[in-house]
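Each structure below appears as structure tokens.
Two complexes are shown next, each including subunit A; its partner changes from subunit B in the first to subunit C in the second.
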Partner chain A sequence: MNPLSLDLAVLALGLVLVFLEAFNDGKEKAFLGWIATAGIGVIFALSFLVSPQEIVATQLVPFYTADPLAIFFKRFALGTTLIVLIIAIEFRPILSHYLPASVRNGGVAEFFALPVFTCLGLMWMASAVDFIMIFVSLELVTISFYVLVAYMRRNNPSLEAGTKYLILSALSTGFFVYGITWIFGVTGKTNLGAVGQAILSLPVENQTALLFGLALLLVGLGFKIAAVPFQLWVPDVYQGAPTPITAFLSVGSKAAGFVLLIRILDPFIKAPATSGKVQLVLVALALLSLVYGNLTAMPQLNLKRLLAYSSIAHAGYLLMALASFQNGHFKQTTVSFYLAGYLLMTLLAFLVMVVVNRVAGGDSIAHFNGLGQRAPWLAFGLTVAMLSLAGIPFTAGFMGKFFVFADAVEAHQWLLVVVGIVTVGAGFYYYLKVVRAMYWNPAKNNEPIQAGRLTQVTVGVLVFLIVALGVYPQPVLDLLK
Partner chain B sequence: MLTLLIAIPLVAAVAILLGACAKKTALAAVAANLVLTLVLLVQNYGAPGYQATASTPLIPALGLSYSVGVDGLSLLMLLLTAIVGFAAVWVAPHPEKLERYPGLYYACLLFIIAGATGAFASLDLFFFYAFHELALIPTFLLIGIWGSGDRITAAWKVTIYLALGSFVLLIGLLALYFSIPEAARTFSIPALQTLAAAGSIPQTPWIYLTILLGFGVLISLFPFHTWAPQAYASAPAPAAMLHAGVLKKFGLYGLLRVGLPLMPQAAQHWTNLLLILLVGNILYVGLATIAQKRLDSMLGYSSVMHMGYIFLGIAAFNPIGLTGAALLIFAHGLSIAILFAITGFVRDRTGSLEFTKLGGLAKPMPFLGFTFGLAAFASVGLPGFANFPAEMSVFFGTFAHAGDGLAFSNFQVAGIAALWGLVISAVYMLRGYRAAFLGETGKRWVGLADLSFCARPAIIFLLAATMIAGFRPQLLVNLVKPTVKGILQNQTSLSAK
Partner chain C sequence: MSPTLFWIFAAITLGFGAATLINRNPVASALSLAVSFLGLAALFTSLSATFIGIVQVLVYAGAVMVLFLFIIMLLDLKAEQRRQVRLSALIGGVVIAGLFASQVVLVLRHFPKGNHEFPPLSLPHPDAVNIGLTLFGHYNLPFQVIGVLILVASIGVVVLSKRELN
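Let's turn to the complex of A and B:
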């Protein structure tokens, strides 16, 4: 099967959803959520029939690749979207509350359709090896996020989040485009492969211009992956956005940013002239993100905000893996595996959060008090997610950290290792705070919390995957061969 | 067979969480483990090398596999785990008496047992490490939900301390792994030991120091010991028994299994540092123990202090010292488990453990008074209990390192300082015993019930085990002899090169 057919299938699914919404004016539209979920699920399953094809990149369409990394992140995008849609179905009652009441069921359908288009953007981005293609797919993702973040029109924090995201994201996109023009100006190419060759034979006096362009690109990408010092938007946007969209941002947007980092920096770390400087920047970003993310997460009282800071911290661990590149090769498997584990545990946490929010009426950690008695299954799920985020063995999160630290030790990045250990200790504190709320603290009322059947099954599947990857990661590693 | 040993408590824990009868399921699981361990012990007694091995590769590119196997030392540790685990579940309060999450309580205990069993049975560095960490969260929950006193501080402190210690250890192990030439890299402990014997593992001092400090935090080596007394004082009795008796020994086992055999020469580098720290354990913490005003915190400190003797045996690094260390790991595990179990019963009855409030408890509770006395004597190191031959061997091992001419060697100086520790431990144990159990019975305590007949077998069982080992230490010495020989062989073959 041609890898491109996956992208086209997602595009078709998105269009079908928009049409269905148009022809069902004013009627109940929950079924659109189920269609979107089922559709993405089917395409996700089909993606395992696709095998990586190197040939596409070189001959037919020079801007599109289907190498193992691209296929892996296409699956990643599909898996993320699938779970985000399930969270969105669970989130619907809250959503309706904040939408204008003038049109019955107005605006519900697009909440399921837009993530599908975002998914399409992420999938293209995974395959993009040309700056123009990268920029176009990035815009598709970002613009659909502009709408989604500010979706709850009658909720002020959501609007505030939307404005913040719009302004800062536009700014970062500006940096990114400006960086592309500088690199194009120096090398005369937009294709990454061609840029890589041009760098190798670049005259010394052009180095500064090239590095200036690269620095601008890193600003743009730093924004996407929420690395310090480009993290200012994260806490407010995460807290204000509708929870499924927060989940999507924290996983999808971050993963996309890292794919782009790997693709764009690859030519630069292969060139001896630039590789040392790139490493220095990556180490600095990693250190700042690790320290800032973990320390600021510690005093948080709101789980959504806590996960926002934790997402900065995890960007730090991922940057740590990137900074540990050796001989011009990134540790792609480590980054990809870490992101896969991050997907599972973060989305599991957001899923449980939505259910609890619906009944308990808030996202603060105190709302989770006594969850162990009110909803043992959900509490168990959230516990596994938190332990995995903290890095307890036999979870995907620990396996990811194990690989990250192994790479850093192998590359002799001792400063990163030492700081990493300290921040892991901080992480144990704030993640276990959630576990403490669920089991130590008594609840205000003991009324049980009911979750939908689909949610319960999803929690089970995610828990299983987290533990399975924590013991036997080889299947995911094989996907990248 | 070993996988079964790890799986039984795990399966039982999951069954309890899903609604199986907590106490019966847990007891059946630990009883099955005890029987299995005894069978393993009889089958492989005195056999050289690793027995009952099984292995499944998991990440071939890294040389990482799930592999288990036992030798004499690990059998000794498994036996300790099985005995203390059985007793801990036996003395755990009846589920109906627990206010919240009765199932979770037993599941946590079983997770700790499974983690310890897995760590002692693993022959792969990754799983050896990972299984130990499995016990971290159950401890956090046990102290946090069912603890007493300042349980919140204690739970946070123990969890974060141990998590940090473990990650330091992980970095040490990874650094060791990457210091080996790329073609030979593996996580398999037997393969690593072969490499070490061939001299292919670089003896980098700072890597050993990282490993030593990582393990040291887990063992409560001075000055990283402050988590331990507080945690043990606050933990519910079965958790304290398992943690102080079994789990804390993981670090010592790790030094004997990984640290010394793989990096014998790098270890020599830090002997003096270790001697200083262990004297800190014995004298500084020992004096702190005397100053304690509560029975539970006194026991917590005493368990930290006794780690010093085990370190002394390890530092001595000769056959008799290492054997003594192994024996003392076992002996201390049993005696501290009895003491914590009895303390738990006393706390249930009196609601307080402050020495000024207690007194004369042996009169209303003769069984508890008598057994506490025996366990206190065992802990001090009186003949007849397992601690006596163990501590003797440690001291013999230490003094075997003679200095030049008439001067004392550093070992002998440390040994003499450590001998004073015996006096200190006699002082606090006897004072504690007198304050709590002897003297005039307070009016509030006159009608207290003694330990019920159905709980007594657990205490008697532990006491019997420590006395058997005390009268026939040779049984255990023969068990660990091949392991100790292996550790020292690496050292001599390396020095010859």
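Let's turn to the complex of A and C:
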């Protein structure tokens, strides 16, 4: 099967959802959530029939690739969207509460249609090998996020988060585009392969300009992956946005940022003139993100905010893997595996959070008190997610960190290794705080919490995958070959 | 184009661009932006990019500016004029902008100075035809992606601004 047909299938699904919304005026539209979920599920299953191929169609060659990395991150985008839509179905009662609707469940349909388009943008971004294609697909993702973050119009934190995200993201896009123009100005190319060729034969007096362009690009991408010092937007936006969208931002947006980093930095680490400087910047970003993310996560009392800071810390570990490149090659498998584990555990945490929020009415850690009695299954799921985020052995999180540290040792990045190990220790403290609340702190009332059938099954599947990848990571590593 | 004209139009573009930021009155600010766009359009035209120059006038100086003015009319202009500029914010802004500008200058110093006379472009087709061929030919895929992007943006506008959702 042609890899491009996956993208087109997602596009068709998005259009079908928009039309179903439009032609069911004034009727109950909650069923669209199920159609979106089923559709993405089917396309996700179909994606395993697609095999990487060099040339999809000749006229697309300068812009589009379907190499193993692209196919892996297309599946990644589809998997993320699938679980985000499941979270969104669970979130629907909270959502409709904050919408100015004239009928029951009015206005919820687009909340299920827009993530499909975001997914499409993420899939195109995974395949993009040209600055212009990268930019337009990045904008498709960002613009759909602007809308989704501010979606709960009658909730002030959501609006505030939407405004903050819009302004800061637009600023970072400005840096990104300006960086592209500098690199285009120096090399005369927008295709990444051609840029790589041009860098190798670049006259020395143009190298300052090239590095300046690269620095601007890194500012833009640092924002997307929430690396320090470009992390200022993260806590408020994560806390204010509707929870499914927070999950989407923390997994989808971050993964896309890392694909772009791998693709864009690749020509620069192959050129001897720039490779050392790129490494220096990556190490600095990794150190700052590790220390800042883990230290600021410690005093947090709100689980959503805690996960926001933890996502900064995880960006640090991922940057650590990127910084350990050797001989002009990134450790793609390490980054991809870490992201796959991060997807499973983060989305599991957000899924449980939405159910608890619906019943208990908030996301602070105190709302999780006594969850072990009120909903043993959900509490078990959240425990596994937290243990994996902390990096306990036999979880995907541990395996991911293991690969990261192994790479750093191999590349002799000792400073990163030491700081990384210390911050992992710090991580135990704040992740286990949540586990303590669930099992040791008494709840205000002991009413059982009911979750939907689909949610319970999803929790089971995610727990299974986290443990399975923690014991036997080979299947994911094979996907990248 | 003669260098004199280039300097005049460049000065108009930059001067009115600065006026956009400095003016406290939003309407004056918006109109300065329009004039700045006109200067930019003249620069495009002088580079044989007539089509882009015209589009610059029609779309930016025309449509976008009208939109801007509409939004400004809906705002409370007096409140904006009364607003005090915080000294710390002002200093911070100037310092950051200054640092960035000096960095750009430092980078630009590395370039050799351009003294070339460029011959006029000789293109196989008129301006607009060329743009059309490039846009719908070579850049077709990104162009289609922008189509989806605009669809998403318009859905977003409706969702976020409609009074009652049904």
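Everything that follows uses one rule, which is that the second predicted complex is superposed on the first by the 472 of 481 C-alpha atoms of A that agree within 3 Å, B and C clash if a C-alpha of one lies under 4 Å from a C-alpha of the other, contacts with A are read in each partner's own complex, and residues count from 1 in each chain.
One rule holds for everything that comes next: a residue touches a chain if its C-beta (ideal position, glycine included) is under 8 Å from a C-beta of that chain, and two chains touch if they have at least 3 such contacts.
Values in this document were obtained by computation on a predicted structure and should not be read as measured data.
Visitor: Please tell me, clash or fit, for subunit B and subunit C sharing subunit A in the overlay.
Guide: Overlaying the two structures gives subunit B and subunit C room side by side.
Visitor: Draw lines from the C-alpha centre of subunit A to the C-alpha centres of subunit B and subunit C: what angle do they form, to the nearest 10°?
Guide: Taking the centre of subunit A as apex, the angle works out to 150 degrees.
Visitor: Answer with first, second, both or neither: which of subunit B and subunit C does A:337 touch in the superposed model?
Guide: After superposing on A, A:337 lies clear of both subunit B and subunit C.
Visitor: So, A:117: does it touch subunit B (first), subunit C (second), both, or neither?
Guide: second
Visitor: Output check: A:405 vs subunit B and subunit C. Expected answer is one of first, second, both, neither. What do you get?
Guide: The first partner, subunit B, only.
Visitor: Please indicate which partner A:368 is in contact with in the superposed arrangement: first for subunit B, second for subunit C, both, or neither.
Guide: In the superposed model, A:368 contacts neither subunit B nor subunit C.
Visitor: Which chain makes contact with more of the residues of subunit A, subunit B or else subunit C?
Guide: Touching more of subunit A: C.
Visitor: Would you check which partner chain A:394 touches, where first means subunit B only, second means subunit C only, and both and neither mean what they say?
Guide: first
Visitor: To be precise, I mean the smallest distance between any C-alpha of subunit B and any C-alpha of subunit C in the superposed model; what is it in Å?
Guide: In this superposition, no C-alpha atom of subunit B lies closer than 39 Å to one of subunit C.
Visitor: Quick one: in the complex, what on subunit A touches subunit C?
Guide: Residues of subunit A touching subunit C: 11, 18, 25-26, 59-60, 62-64, 99-103, 106-107, 110, 113-114, 117, 120-121, 124, 130, 132-133, 136-137, 139-140, 143-144, 146-147, 150-151, 153, 205-206, 208-209, 212.
Visitor: Per the contact definition, I'd like the list of subunit A residues that touch subunit B in the complex.
Guide: Per the stated touch rule, the residues are 372-373, 380, 387, 390, 392-394, 398, 402, 405-406, 409-410, 417, 421-422, 424-425, 428-429, 432, 435-436, 439-440, 471-474, 477.
Visitor: For subunit B, which residues are in contact with subunit A within the complex?
Guide: Result: residues 17, 58-62, 66, 100-101, 104, 126, 129-131, 133-134, 136-137, 140-141, 144-145, 152, 156, 159-160, 163-164, 167-168, 170-171, 174-175, 177-178 of subunit B touch subunit A.
Visitor: Tell me, which parts of subunit C touch subunit A in their complex?
Guide: 103-104, 106-108, 110-112, 138-142, 145-146, 148-149, 151-153, 155-156, 159-160, 162-166
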